[in-house]
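Listed after this line are the structures, all set down as structure tokens.
What follows is a pair of complexes built around chain A, which joins chain B in one and chain C in the other.
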Partner chain A sequence: MSTLNAAMEASASALSAERLRIEVAVSNLANAESTRSENGQPYRRRDVVLSTESVNSFDSALGRASATGVEVVGVLEDQSPFQVRFEPSHPDADENGYVALPNVDAAEEMVDMLGAARAYQANLTAIGLIRDLMQRALDLGR
Partner chain B sequence: MGDVSDAAIVAALRRQMTIATAKQAIAAGNLANVNTPGYRAREATFTDALDRELGPAGRLSTSNPNHLAGAVPSPVDSAEANGLPSRRDGNNVQLDRELLSMVEAAADFSAAQTVLAGKFRLIRYAINEGR
Partner chain C sequence: MDISTLGGASAHVSSASTSAVVPSESTEPKALTSSFGELLASVEQSAGAANDAVGQMLDGTGDVHDAMIALQRADMTLQLTVQVRNKLVQAYQEIMRMPV
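Let's look at the complex of A and B:
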């Protein structure tokens, strides 16, 4: 059963990682027009950095096949340049009438969000399958 | 059936369930990393054939009964899957392939479980004197 638990843990780690990706994409979209953030600069779009994480289990300690989870290493700011728009009436416009807007591209965020949602779905399916196996194993005792 | 003992059948079914579980875990790990840049998909490998081939030469020698037999011969191991096209970020996990392997493993497991449960039911039937 320990391997199944490790598999479940790996899938669960992916669920939280993908959920965070969706959360970040949503806040990027929400702040697509935010010209002021905590540091006074326009909002910078954020990216989630993922990395593999070995699930500690009895099997992995013995060097046997075990599941590999995923972990969020950090949420980094995209350093690409801001978009500029000519809008002299905007309160944050510079002396030439240009406003620096966040470097958020709606299409990019939507694609990110779709990818994350599909990956979330896939991992949810995986959890369902693992749960079925566990249930079957428990049924042996009936 | 004559010369195949119940114990041998149960052991074989147990092995099938262990292998299915390990395959499930490996596929779950691959699915979890479907968005991790540079991650290479892994797949189950079966080392017991090699172990059988190597025989005692493949293990540590034990001169005392308290010695451990070195590496515990494990039925399933995992290795990087090869021949899969990778994406631009170096990741080569394919969603459909992994889900298929999970469904396959679940079916294997269910089949073994059904037979094993039948086996146990027979034993219980014998214990209860057919009641």
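Let's look at the complex of A and C:
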């Protein structure tokens, strides 16, 4: 049961990571028009950085860890330039009438969200499969 | 009238089944009962973990999938324990049925 448990832990960590990816994409979409944030600048698009989970187990030290989960290293800001729109009536327009808008592309966020949702589904399927396998093994006792 | 007799019957069945279980546990050899005790402890532990996970989900501090996985794990551990118990009882009854 321990190996299947490790696989389930790995899938669970992936579920958490994908949920965070969706959350960040939603936050990007919600702030697509936010011209102000805490530092006075427009909102910057955020990205999730994922890494393999660092496990300090005996098996991983021997290089035979069966299932490795995923870990969120951090949520970083996208440093690409802001979009600029000519809109002199806007309160945040500069002296030339241009407004700096967040570097968020709605289509890109939608694709990101779709990918994260599909990955979430894939991991749910994996967990369902592991559960079915355990169930079949228990049915041996019948 | 029907219902009360039914209830009496089911109560009788459950008391019979529990009385069948208790001697089987006490008459099993040491190794089997100790492993069964470990299983029971793990059932209790996984049920507690599931309870915590559901509580966290309701608080808003935990995820739905974590709660569901914890519940699933508790269910699996319980099913495994039930199967082991069934086998123990079966073995006991098999031995008791032996003609002396």
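Keep in mind that, in the parts below, the second predicted complex is superposed on the first by the 130 of 142 C-alpha atoms of A that agree within 3 Å, B and C clash if a C-alpha of one lies under 4 Å from a C-alpha of the other, contacts with A are read in each partner's own complex, and residues count from 1 in each chain.
Keep this in mind: a contact is a pair of C-beta atoms (placed from the backbone, for glycine too) under 8 Å apart; a residue touches a chain by one contact, two chains touch by 3 or more.
Treat the numbers as computed from the prediction; the structure is a model and nothing was measured.
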item	value
Overlay on chain A: chain C relative to chain B, clash or fit	fit
First, second, both or neither for A:R131, with chain B first and chain C second	second
First, second, both or neither for A:I22, with chain B first and chain C second	neither
Touching partner for A:S51 - first (chain B), second (chain C), both, neither	first
Partner chain(s) touched by A:M113 [first = chain B, second = chain C, both, neither]	neither
Which superposed partner A:S13 touches (first chain B, second chain C, both, neither)	first
Dominant contact partner of chain A by residue count, chain C or chain B	B
Partner chain(s) touched by A:G69 [first = chain B, second = chain C, both, neither]	first
Which of chain B and chain C A:L101 touches, first, second, both or neither	neither
Angular separation of chain B and chain C about chain A, which is computed from CA centres of the superposed model and rounded to the nearest 10 °	50
Overlay on shared chain A, then closest C-alpha pair between chain B and chain C (Å)	5
Common interface residues of chain A - those touching chain B in one complex and chain C in the other	8, 142
Of all residues in chain A, those that touch chain B in their complex	3-4, 6-8, 10-11, 13-14, 17-18, 21, 50-52, 55, 59, 62-70, 115-116, 118-119, 122-123, 125-126, 129-130, 132-133, 136-137, 139-140, 142
Contact footprint of chain A on chain B as seen in their complex	17-18, 20-22, 24-37, 39, 42, 44, 71-72, 74, 76-78, 95, 98-99, 102-103, 105-106, 109-110, 113, 116-117, 120
Touch list for chain C against partner chain A, complex	63, 65-66, 69, 72-73, 76, 79-80, 83-84, 86-87
Residues of chain A defined as touching chain C within the complex	1, 5, 8, 12, 15-16, 19, 124, 127, 131, 134-135, 138, 141-142
